[in-house]
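Step one of this worksheet: look at the structure below.
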Amino acid sequence: MVKRLKVATIGGGSSYTPELVEGFIKRYDEFPISELWLVDIEAGKEKLEIVGELAKRMVQKAGLSIEIHLTIDRRAALKHADFVTTQFRVGLLEARAKDERIPLKYGVLGQETNGAGGLFKGLRTIPVILEICRDMEELCPQAWLINFTNPAGMVTEAVLRYTNIKKVVGLCNVPIGMEMGIAKLLDVDPSRVRIDFAGLNHMVYGLDVYVDGESVKDQVIEFLTDPNNSSFVKNIQGIGWEPEFIKALNVLPCPYHMYYYKTKEMVGKEMESSKKEGTRAEVVQKLEKELFELYKDENLDIKPPQLEKRGGAYYSDAAVRLITSIYNDKGDIQPVNTMNRGAIASIPYESAVEVSCIITKEGPKPIVVGDLPVPVRGLVQQIKSFERVAAEAAVTGNYNTALLALTINPLTPSDQIAKEIVDEMLEAHHEYLPQFFKEAKV
Amino acid sequence: MVKRLKVATIGGGSSYTPELVEGFIKRYDEFPISELWLVDIEAGKEKLEIVGELAKRMVQKAGLSIEIHLTIDRRAALKHADFVTTQFRVGLLEARAKDERIPLKYGVLGQETNGAGGLFKGLRTIPVILEICRDMEELCPQAWLINFTNPAGMVTEAVLRYTNIKKVVGLCNVPIGMEMGIAKLLDVDPSRVRIDFAGLNHMVYGLDVYVDGESVKDQVIEFLTDPNNSSFVKNIQGIGWEPEFIKALNVLPCPYHMYYYKTKEMVGKEMESSKKEGTRAEVVQKLEKELFELYKDENLDIKPPQLEKRGGAYYSDAAVRLITSIYNDKGDIQPVNTMNRGAIASIPYESAVEVSCIITKEGPKPIVVGDLPVPVRGLVQQIKSFERVAAEAAVTGNYNTALLALTINPLTPSDQIAKEIVDEMLEAHHEYLPQFFKEAKV
Amino acid sequence: MVKRLKVATIGGGSSYTPELVEGFIKRYDEFPISELWLVDIEAGKEKLEIVGELAKRMVQKAGLSIEIHLTIDRRAALKHADFVTTQFRVGLLEARAKDERIPLKYGVLGQETNGAGGLFKGLRTIPVILEICRDMEELCPQAWLINFTNPAGMVTEAVLRYTNIKKVVGLCNVPIGMEMGIAKLLDVDPSRVRIDFAGLNHMVYGLDVYVDGESVKDQVIEFLTDPNNSSFVKNIQGIGWEPEFIKALNVLPCPYHMYYYKTKEMVGKEMESSKKEGTRAEVVQKLEKELFELYKDENLDIKPPQLEKRGGAYYSDAAVRLITSIYNDKGDIQPVNTMNRGAIASIPYESAVEVSCIITKEGPKPIVVGDLPVPVRGLVQQIKSFERVAAEAAVTGNYNTALLALTINPLTPSDQIAKEIVDEMLEAHHEYLPQFFKEAKV
Amino acid sequence: MVKRLKVATIGGGSSYTPELVEGFIKRYDEFPISELWLVDIEAGKEKLEIVGELAKRMVQKAGLSIEIHLTIDRRAALKHADFVTTQFRVGLLEARAKDERIPLKYGVLGQETNGAGGLFKGLRTIPVILEICRDMEELCPQAWLINFTNPAGMVTEAVLRYTNIKKVVGLCNVPIGMEMGIAKLLDVDPSRVRIDFAGLNHMVYGLDVYVDGESVKDQVIEFLTDPNNSSFVKNIQGIGWEPEFIKALNVLPCPYHMYYYKTKEMVGKEMESSKKEGTRAEVVQKLEKELFELYKDENLDIKPPQLEKRGGAYYSDAAVRLITSIYNDKGDIQPVNTMNRGAIASIPYESAVEVSCIITKEGPKPIVVGDLPVPVRGLVQQIKSFERVAAEAAVTGNYNTALLALTINPLTPSDQIAKEIVDEMLEAHHEYLPQFFKEAKV
């Protein structure tokens, strides 16, 4: 008898789910999934129903016998799962909107995964992830945890340091997006493009880039210095790199590096859009509403093309690609977040890094990077320090530690402003940060 | 016959020299110096005469037979020297004033050793230091180079990486100032205070602090959180740390850390004083003028007490203390800038660090530090990256590399502002940066 | 116009060459080689002719237009080569026989690549390799050097440390032999077996072993503890591991580990066979004679099956497999000798290690290993120390350094015996060790 | 009220105790000990009485008010102790004699702290040390554990890895003996000699040696190559180093290095003496008997000069010197066994190393060593691997692990001989190795 393949998706009511389902359908030959359990919380039940019914129609249309289970009983979903994927959002887009708006009041970047917003998303998310891990230790200790809940780097770090789950991978669409962007730019098939990735989640560099194994880095860097083309992803545009800076940097930055190397301009841009079209969360809220209207349509039985505007393209596809490679011991190269083990010199051995790996049945194994180039090494270290202190704050609920995390973040202009932001955001997210309100502040 | 002890001081016309001379007089029993050669450049001849004559009077008053030589022939001074000290300032205080004023125009810190000012001081200074080292390789290869020309960390890094002089020590008065400050605070004799220093020059932390070997760190951190007492050195006052931040940091920052953890407030303060009393260089220019008036007085035969206002207290004393310990193989503990050799984990083996060392005839040997605390590790790494790229720019005269150095500095808000500052400062310091004007910009 | 692909094989008159030629023929579709230059020295001209004519017949039979060039002009062969392979033997099998016989007189292992024999093979070989590298720097700086001249680890170390050739790979058939052996043992297709290799050449461990990505290590270790099955390669048989030792070791040793973990038994066995059938070199000399008789047969136009008895099975095939993967940027996993770059913790960054790599157009990139298991770490370090001191001795021709190398080798029972062996072997190999006889011993 | 200073000495009935007492008397001004508790086991009661009474007479003669307590109640002795010293011997000299004799039967070194003997001494000793540590955690958690029970390196490693006692120092008289030997050789006062020590216990090298801070290494190495002078300690004599080997090694070996670099000669010498005067333990047994006869003399009130023949000169003195420096935060340099923390590159961060340290109230802090010279690095690593596997075997009582430890020891010629020795020694020491006989062998 063939083993049944069970996947549990925490945050199954997400608008992303149709892409995930499409991914499983497309790769069914290689990964014959038997059951997909979409889990959500009580408050997300309605969306779970909508997206779950669409998933069923999609499977039916594909003529496959994948069971779709919709549930708010997380433990039932985890039981004997082979793969667990996480795509939930504690506090939903409302919380994200606060992460974006509050720091701006203090003249500081408000962003989902960087700076103060990233810190507070981490503080809300990590305790939930650790609960899931504890359930997994009990209910499916052999399963792989494929996390794409942000901040994915900090979350992976927390899982590695604070749980017994070693089979965890953090996933992001940024690297795949960079490869896609370069393929498009050079007008070659994406399968011919390979980037040597190294760094941290949303702080990843392309140390070299190849087409058919030949380096095209100089060509790509030349292109990056053209102000009309300076970004690979949709949501950060119109701001160009200083050509001489990028040439001297001599590696490919990821789109999020703009927050660090162009802090002032990015804060300005954000402030502007927060006044006009709203922050990203607010824009996405509208998009999501429209998407769910579409999803309700009983005639819809494919992933609707409108989903691509949502952002996060390739995210779910990357997840299924990863799962398929693990399942089949493929030995192909994919950039993921995993334990460093010496791959990147001077980053702690046990810390999470985002790095090109070969994917085996035993999971990702980093291809050795060695020393990061001197100019990028310091910033990567600084974000790793931030992630570790932030994870500690998330676990302990210690006020001072949270303040420390924010103050050492390179986007924070002073300890005093850090304190003001921490104070306001702790109140704003009170409901989702119980660990900070167990007792009086220390 | 006893070996004659020869010391050469490059930048001998400095207003600091009387303290240095006083130091040699005080420690003559332990370090029986025969000849002190004060070297300066043509343009500094007048000051060299003034300060040199004072030095002679001081020696005479002390009844010692130390020869004082005044010269602008650096090679004559270096020949067979046992110790070479450097305290010169390329471009004098005029250049420093530009380092301070220009960045402020762009809303960015202008400071002698940090950020854009530190970068340009490095760009001007390093080529001269490397020339001195090449002379030393030829004329006094066995001599020790005791550098207290700023930015001392970057300079030491450059000497270690770009010369064959291995007997180099970078010196700063900040650590000794911190120990003095704590002694005063706790009302104990300074000899009873010891701090475990680790980090980089002007980026050094006190990992622990002891009185008679017992840790008093908690007590000192408590004190640091009192806004009235938050600083150990004169020139940064009235701005207090956030108590919860310092408690969570749990190590002693040095005064310069204010630029990084309170960037906004420090820039504001600087802007204000630049409008009122002038920048620090401008204030010091006046002080120096007064000092040299004093020095001219033929009745003056001691270090005048007014010198202490100049800042840089203990600097020259620290130099003589170090020289004495090397000469006598004392084995005492002093914080200096020297090659890391693994003392601080995750900082490159060959890089300069500022760390507590035992001082032997073979020079400083770091006491092992191990892992820096997670929260401070990233910033230290980032400054080390900055120092290394800056040193490379100083040596190559490459425009892009200089821009890269400034952009990755944590005090710089964007690559675009970095470019504007680099462009203006290159012009302003044109005369002292020949390496950047050999040919057209790349 | 298509680029012509040129391969130069130093030591082309070797009896192995027909396998190499067969390899190129088999993989012609993937690697369309245009010219194969077989190079040898004056003394090897006759064998070069014999084997070269066979090569031509093989190519003709295959119906391919590969040009076979036979030459003793190494520089002509190297000019514009794309790949250079080395399979020469300084001093031929006569020298190897001395490496084997002399140490035995002192009760010490005499073996081609380990202990005193390995040291002296290194001392003879490294200067020649370095000459080739200097020619390559001039004549084909873009070429890959694929070395399978033994001692391949020491040779790769020497190339990395003493030349500017960075595109060097050391190759051995031991890892592939272990995978083949396990495939046979478990009766599965070799393509389904993968071992995580880590260590040094002839000192490599299988940290884990998989079939279709599932670990079968426990099963294989169980098998290894069966005294009848304890070896994977032909030439070390009949001596079994202590089962409890292997279970506690918990990784797969390679066949050469017997010299270290069963030193006494192996020396005994060697002594016995040196008295009966002769040492390995002496046996091989006879085999070679027979092979060349076969090769002369003008009707022979394939690799004769008798070659397999020669030992070194898969060697040439491994070389062509590697070349093909580099040429096609295949991204497959192969165990080779390459620069560590942090892949194996606590082995120097710049040292050669033997490790599973992905093979790209840029060459092998190690898959990160991290910490070696504690029990094997020390021995690997000790052999690396030996290799480095030996390489230094080969380059400098310093007598004391050669003695140091042999004394620190774990197979050497004392400095005194080391000295006796070094003295006798220096004389015995006088002709091939000119660097030791430039002047009087130091 | 002044704090009372309490020292507990486990194994207080040892013949060494009079030296320890003399040490405390000599340094009473600096370390005003109030109570010395000599602890022993039931079986050692008689010797404890004899040596304890002598101790009392010594104190009385010195006119000091140090209380001497004699007890077999270890917990009473540990309660509120400030320093705990350990000098016990599980199984007494009878067990040591077996450690020495049994391996010789197999042609292998039998020695107290190296090879099979060292392993079994570790297996007997470590469980007792760990018990003491558990008592200390409860009864005197602030106390320092000064261990001079052998094998001191392995014991310190075990305490660091398997207990919560972080205030532990392992002590050996070898380094001090080397300094004394060199002082005598050069006819200078020992206080003027300093050696940079680095390595492991009984595997320590002098990387450089100074008189008044000036290196005299070349001179000392020259001396070492004189066969009449090749050893610094009494018990290994008459066997000289090969001069060319030592010159190439270029660091000072310690006497125990003879076992590794002259294995064959040392085994031969041991075999000979085991037949003539008996093994070292057997010789010492007689010496001890004579010593205790002396100790009984009620007129004896000083350390008798005959004790020096016992070996272990300076041992107790080194202990009191260390205690005094810790107590007074002296900051002097002493070679001890402590946690590496990066002092020696490529040795694990948490492992015990023997290294020159400055001694503070917080204990020893290693002076950074950096990279060990290439030729010695491998052997040090190998012994560290051995120590770690041996400590694990001691803690777990796992037969296979013990066999693994012995097989990877560089003095062991094969896994088969290792097994024979382990089997015989487990039986011989059955009584003292309960952890191996809890259940049937695995």
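Letters A, B, C and D mark the chains as written, and numbering starts fresh at 1 in each.
The rule is simple: a residue touches a chain if its C-beta (ideal position, glycine included) is under 8 Å from a C-beta of that chain, and two chains touch if they have at least 3 such contacts.
For clarity, every value in this text was computed on a predicted model and none was experimentally measured.
With respect to subunit B, maximal separation of chain centres occurs for C (centres as means of Cα atoms).
Rounded to whole angstrom units, the spacing between the C-alpha centres of subunit A and subunit D is 54. Centroids built from CA atoms put subunit C at 45 Å from subunit A. Residues of subunit B in contact with at least two other chains: none. Here the chains touching each other pair up as A-B, A-C, B-D, C-D. Looking at the complex, you find that subunit B touches subunit D at residues 194, 208, 210, 212-215, 328-329, 331-333, 341-343, 345, 349, 358, 360-362, 365-371.
Within the complex formed with subunit D, the subunit C residues making contact are 241-242, 244-245, 247-249, 261-265, 346, 374-379, 381-386, 388-389, 398-401, 403-404, 407-408, 410, 413-419.
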